[in-house]
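See the structures that follow.
Each of the next two complexes has chain A plus one more chain, namely chain B in the first and chain C in the second.
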Partner chain A sequence: MANTSVDAMGAPLTRSRRGRAIRRRGTSGGRLASLLARRMFTAVPLLLVVSSFNFLLLSLTPGDAARQMLGSSGTPEQYEALRRQLGLDLPVYEQYWGWLSSAVSGDFGNSITSGTPVLESITSRVPVTLSLIVGSLLVSVVVGVSLGVFSAVRGGVIGRAVDALALLSWALPVFWVGSVLVVVFAIKLEWFPALGYVPFTESPQEWARSLVLPVTALSLGSVAAVVKQTRESMLDVLGSEYIRMAAANGVSRTSLIYRHALKNAAIPVVTVLGVQTIGLLGGAVLIESVFSVPGLGSLVVGSALAHDIPTVQAVAVFFTVVVVVVNLSVDLAYGLLNPRVSAA
Partner chain B sequence: MTVTVPDAELSASPSVSPRFVRRLMRRPLAIVCLAYLAILVVIAVAAPMLLPHVGTERAGDLGTALQGPSAAHPLGVDSLGRDVLQRLLVGTRVTLVGVVEAMAVVLALGIPIGLVAGYLGGKTDRAIIWLADLVLSLPAIILVIVVLSVFPQSVTAAMVTLGVLAAPGLVRVVRAATLPVREQLYVAAARVSGMSRTYIITRHVLPRVMGPIVVQASLLAATALLVQTGLAFLALIAAPPEPSWGGMVADGVGALFQQPWLIWPPGLAIALTVLAFGLLGDAVRDAGTEGWSAKSALPLGDKHRSAPTRAAAAVPARINDSLLSVRDLTVSYATPTGPIRAVDGVSFDIARGETVGVVGESGCGKTTTALAIIALLGGGGRIDSGHVLFDGRDLAALSESELQAVRGTEIGYVSQEPMVALDPAFRIGWQLAEAVRINTGMSRAKSKRRAVELLEQVQLPEPHLVARRYPHELSGGMAQRVVVARALAGEPKLLIADEPTTALDVTIQVEILDLLRTLQRDRAMAIMLVTHDLGVVADMCDRVVVMYAGQVAERADVKELFGTPHHPYTRALLASNPHNQHNSAVLPTIPGAVPMPGSWPQGCHFQPRCARATDQCGSDEIPLLKIGASHEARCLYAHQIEGV
Partner chain C sequence: MNRRPLIALLAASALALGTTACGAGSGGDGPARTSANELRIGLSFGPFTLDPAKDGGGAPNVMRSLTNESLFHMNADYTASPALVSDYKYVGDGNKVFEFTLKKGIRFTDGSPLNAAAVKTWLEYFAKQPGPYASTLSIGSVETKGEYTVRLNLASPSPIVPLLLSQYGNRGALSSPKSVADPGSLAKGTYGVGPYVLDAAQSVVGDHYTLVPSKYYHEPSAVRFKKVTVRIIPNPSSMLRAFQSGQIDFGNLDSSTAPAAEKAGVKVMHWRSGTVAVTLADRNGTATKPLADVRVRQALNYAVDREPITKALVGKYGRPTSQYQTEYTDPALDNRYPYDPKKAKALLAQAGYPNGFSMDVVDPGAMIGNWGDPTMQTVAKYWEKIGVHVKVTQATTDFLQQAVSKKFAALQWTPDISPTAIAYSLLYAPKASMNPFGASNADIDALYRQGQTEQGDQAAKTFTKLNSVVTEQALNVPIYEYHIPWGMNEHITGVEKGSWVVFGAGLGWKG
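Coming up: the complex of A and B.
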């Protein structure tokens, strides 16, 4: 009886099943593609919102932005000139359209304070901020994941110590931690330079030395977040049935932890990393000021203080592009790690 | 229709009740946090009034500039000769005002929008969530700086912007908390009784979601504080001479080389306040989830698992010539109220190449016994006493690394749920090849070929294609074949199959059992088949162990057990087996349920459900009575019961 019953996997069904399998693989790739398409689709309104934000604010400003920028010292001629330069004599939507159409062709206008093209000052500073962010990201992944796995497997005292450390690094403001690092490691111990940045092209060794303290301060918070998430999901996965069943069939402890559990646990960690990277952008603004690092963060702060609106706006757009790229990478990593690629 | 029913349900609706507040107040940490924040508020209100000159003081006594703490200046003097303590106290106001402004916006936007999204659902919900995700992916600090470039030095503009950008975080939390509440009976009842939507949301839903709101709000308050102090540090708000905590850190950084002390007082003030917000949120969450059980422990054996210290030497290495001899196995699980026994003195043997069925209802300790054999109990389970003699060794006395060598290589294991037994992140072929590599020491290339062979042996068509799939791309029946293939990877002498067909369709069940039978015949492999289906036992097994409430109730050859069962439980099981029924008869069931571990009765564990029970059954432990050469039953009246 049993032998004659039609196998759901029997030969007669084979061809259609193969078709389904291929289709399935096709759709799982397709799902990733549609996820990416959706990201790109939301990137457009995101960029529009950020770039138009400024124009909206300027039109809402009581009085006139040009007046405000000049303060009480400006002459009427200066005032008119500034109005024309800012395009304030045009309606808001025309101002924005003008900015948008030249921005698309790479012209973000000139800095009000220095008169140089905004794009130039941004491109010269991108490597600096990128060094900081990528460095902090690497530290977060390496230190965060290893501490997280370690405290998940060991637990006990080490787990609690990691917990306390995570809480502390969350509570201490990043600019304050940066200052303390300067006191201890630059002033007292003189291991690293206190301030400034050395370009990689000048001296790779000095470049690395100048990055150690800012990257340490900047990455502390995201290390803590990665440790917490890694431990949570490692504990979760290690308690799952498939780990137990792999163990029941002889898979070694090392492989269970570092291959099976870690790959599964990495999926939510990637999401946290994405959020943390966006947080690092904000942290870089503060850290660059603490360490006098000439990156985009110190550029935007300086420009905001000097009311250099074209520069501020262009940096905001640039950061938004970075955010879009980060989210895209998170989606891609997610698709690589998780064969089920459930929609985010 | 009257509203008495919803009223009755309403009284049961959980919310931020006085009980919850009491629970919160029992936590010393929560009280400390609340007290600290209350003191801060008092300082923020009073200090600028009591020290009116501090707010605009540009410079103090420059002679004392950069002095450390002293009696006159408990927290020292800054670079312009001003008292640090006074500035810290007065600066509390602008710092807290920023937090309050941001939080007002977050709460005003987050709560209503989140409630609406969660309560209405559908398109409204999807639109709100899309927008929330969009806003959450904006670089918040940069946008705040954009605002400050247009509204210089405006704390309100900056913090309102931050509030708008942070509100979607609260929207998501409120929505997620509202979704399940909407489905609650008392909300449905309120809807049916004609209450207005607004009334239901504010009266019935809002109180229920207050807990998550408070938790999220305290975290956001901490974030707002960090942003406010950061902006003040950058002098984007609260410009000098106005004192603020962030600005004071900046002053301190400016004088870092001369006086490193100055960054400490404002830094600690910020850190303590952030901690107060964060720990308060934790305390609220913990008070809300009090009474939840802790996460189950790792099933992984301890790396340094010490071999049990009891007198293992007293046991002969081998009892008769069985492959597996379980002797007096007793297992208990650790619970918050102490250890609870789940398996109580179980003994049985499995000879080489033999199939032994272990039967019983759910909760009789069958799976626990099976997992105890390979020492993978997990969830706080441990072997209290007894021996698991396998091929000349006591597995219960082995170290974790020695056990690892036994698992897979000598004993294979097939579990109940094939869909959760395979790692979802790896391809089938890879998982099989790994099992082959570990259990046979084959090379990588060879193990890959072997994996495909194994898939062929479990009769999967197109094994090459199956090897390239992920577990989620398989049907239940295919997955169970893969699981069987993995268990065979190390060519084990014993296969433990724990309800291998329970989760499958009936036709697939038959095929998997056929497969097991074929494999056993070809490989002369012993099988321990755990099942609750006597039909399967009759079909597959040579001998049977009937378990009830952690004990062996009866042990016999399969023919004897079905022909002359001697335990009332076995008889009841046989009677309730649908395979034995004629079409006309009503299927008899065993009244009552298997008692949970920890609540086993005195004496015979089956006696409360037994028609034959007498007073004697409940007094002493019942021993296994010998009935035949290989037939035993745990019943005082075993000799009086015969035939079906």
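Coming up: the complex of A and C.
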């Protein structure tokens, strides 16, 4: 059996069928390029919609940057002068057009409040947020899939216990989990720092230490979602006819679970992971605040409170790009996991 | 099922976690590490911008004092002593010309010399910036007399020029002429005459700032640390945990977290920092007629039982007071309006409002914790008891806009302790920034004009009188003076009790 290939449904591939499948995969390369092009094409209007909607929302938010900068001692004359200087007296569509014309050429302007270039602020914080997101995603995949498979395969009381634990971790608020982790592991046990972030380039070990608690807190909900989805999918697949046939043909249990069942069960899990990744972006905002981590989340919160439109706009654009990339990755992963999807 | 892959995976994860955890204390921000070489400060909010001319006051001045030494040093009693200045004087009478001479041999952190021309460049730059303190001193012209003497010709008199050239308001926090010529650089770095300079490569604006010693500082013995890190921690619980885990040596707490910090062994010091007050903006009765009557305003003061409010909302980190706190307040008036609802009702009746009246008030919402909306809601309940119905609007980041919008008869807020002259230009002058209805009081205006031309004890007496009139006229309903709890570990020295903020440059380390 080791030298016999089976298709996605478990049917053995004959020499001629294998050839057709390979040819199908070959033509799917062109379809892949087309998919990429389509995604890129739809990303442009998406970015426009998100940036304009975001700009509008920010403009409708009570208060403005001029008042924030002048504080209580600013006279009405100073306030009006500063509004003019910042262009806040212009109609919203003119302000947006001004921002958009610069942004398309890669100039996201300077922060209204700090005066520093927005791109510099973002690039210095991207590695932090990416470390959190990628770390949480890795934990979600490794722990979530392992526990999901374990729960599906073992079933019974252990399966239900894993299920219940997953539900519980899903229900726990991320900031509460973060606070508890800090109290236990940073204050009582002194294993990890309570807050802050150390760049990888400064010290890989300290970088890892600074990420353990925030990543654990951030990934808990995501792990739960992956466990649940993996367990359900695995139970579905393990109950299907081709698995029974493969077992009847003498395929080992390990191969059955990891080579055949898991691959097919992974498709809905990938969908969940895609959704979770986008959710992690939102979770990162909270976690960065709890752990005082200098990521994009804390940047956008501070900037929104200060009515720093250029910074908030740039972060919104960045998050949108991330969402587009995540969705594209999910599509690509479908293709890799199931050739029929890419063929379609 | 073959469990080996799963077990191997879990074992690898545990090993990685263990290895990482075992690294605790080996460097970086390790919880257990404290060192005389490094000072770690936590602040609840950081500078809006590193450019002192555009930034506000408060907590960021803890850091600014480390990078930008001021011409004068602000003392705990709100006077100012010369710092970068060797001598100074008012020229002639009337406080309209002020002259000072700089100490020699001092350099900015970029190496350029501190001289009269550099000061002139800075002061002229400062006045043109849209900063919150640009209007606190009206300078007509700046003259240089020789290399080290500067003369300020003021457009309007001021007896507190030394204070306005201190850390208060950032005007004294000079930056070098080179940086002024390139304002973009001022947003990214520090160019003052301070013991430390920002290490931009190790800093993330808005999150943490790393300061390293300036090689040009004129008093090397005052550089007590090889490195100072300032971390911005807006979340009070995170600040508390930073103290509990030993990750910061010094920082500002709030009244909700300070008790837990003290229990955890953190030393906490606190003192009068400002007033939580309701300012009766429409005191001329433009839209809310009853407020024009001093008896009504006094009734609102008598109606509030400040003691339980203070105890419940800020505990020991505050003190009930009947007067708006400035540098010259008469302690005898702190209890000018004891809780007396009967008297409050009687005063309302005498003023012709036996059944009370209604008014709109705006407060800063939950943004400033118990100092904001919780205080206002409690006060509103007391006023309800004497028949004054208050519609409270909670503002968010638009508080200042709402406060000056003329939609509200009163505003509840938390001004920090300021010089009387600044409080006047903020609240009581007919064109004051926080006087939306343009209300005025002839006695207060006259006392202000008089005090502005006087000096020393004479000015102090006049401004004390001005504050007494403000209290007697009940232009505000002060509730309590608030205290900022400053937390520190047992090694920290140099905290000047009573000062506007704790200046980081004064901090030392013992043990």
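Definition applied: the second predicted complex is superposed on the first by the 268 of 344 C-alpha atoms of A that agree within 3 Å, B and C clash if a C-alpha of one lies under 4 Å from a C-alpha of the other, contacts with A are read in each partner's own complex, and residues count from 1 in each chain.
Keep in mind that, in the parts below, a contact is a pair of C-beta atoms (placed from the backbone, for glycine too) under 8 Å apart; a residue touches a chain by one contact, two chains touch by 3 or more.
As the structure is a computational prediction, the values presented were derived from the model and not from experiment.
In the superposed model, A:Asn264 makes contact with chain B only, not with chain C. Of the two partner chains placed by superposition, only chain B is touched by A:Phe319; chain C is not. Of the two partner chains, both chain B and chain C are touched by A:Val183.
Once chain A of one complex is fitted onto chain A of the other, the partner contacts of A:Gln78 are limited to chain C, with no touch recorded for chain B. Of the two partner chains placed by the overlay, only chain C lies in contact with A:Trp191; chain B stays clear of it. Using the contact criterion defined above for the overlaid structures, shared-chain residue A:Val285 touches chain B, although it does not reach chain C.
In the superposed model, more residues of chain A are touched by B than by the other of chain B and chain C. Contact with neither chain B nor chain C is seen for A:Pro91 once the two complexes are overlaid on the shared chain.
The residues of chain A shared by its contacts with chain B and with chain C are 61, 68, 179, 182-183, 187, 253, 289-290, 305, 307. The part of chain A that touches chain C in the complex is made up of residues 61-64, 66-76, 78, 81-82, 85, 110, 113-116, 121, 124-125, 142-143, 146, 149-150, 153-154, 179, 182-183, 185-187, 190-196, 198, 202-203, 205-206, 208-210, 212, 253-254, 257-258, 289-292, 294, 298-299, 302, 305-307. Contacts from chain A toward chain B in the complex involve residues 1-3, 5-11, 14, 17-18, 21, 24-25, 42, 45-46, 49-50, 53-54, 57-58, 61, 65, 68, 167-168, 170-176, 179-180, 182-183, 187, 235, 238-253, 255-256, 260, 263-264, 267, 278, 281-282, 285-286, 289-290, 300-301, 303-305, 307-309, 312-313, 315-316, 319-320, 322-324, 327, 337-340.
Within the complex, the chain B residues that touch chain A are 130, 133-134, 137-143, 145-152, 222, 226, 229-230, 233-236, 246, 249, 252-253, 256-257, 260, 263, 266-267, 270-272, 274-275, 278, 295-300, 303, 371, 374, 376, 378, 400, 404-405, 407-409, 412-413, 415, 417, 420-426, 431, 434-435, 438-439, 460-462, 465, 469-470, 472-473, 475, 477-478, 481, 483, 486-487, 489-490, 505, 507-508, 510-511, 513-514.
On the side of chain C, the complex with chain A involves touching residues 1-2, 5-6, 9-10, 13, 16-17, 19-21, 23-32, 47-51, 54, 56, 130-136, 183-184, 186-188, 204-208, 231-235, 237-238, 241-242, 244-245, 247, 395-404, 413, 415, 422, 425-426, 431, 433-434.
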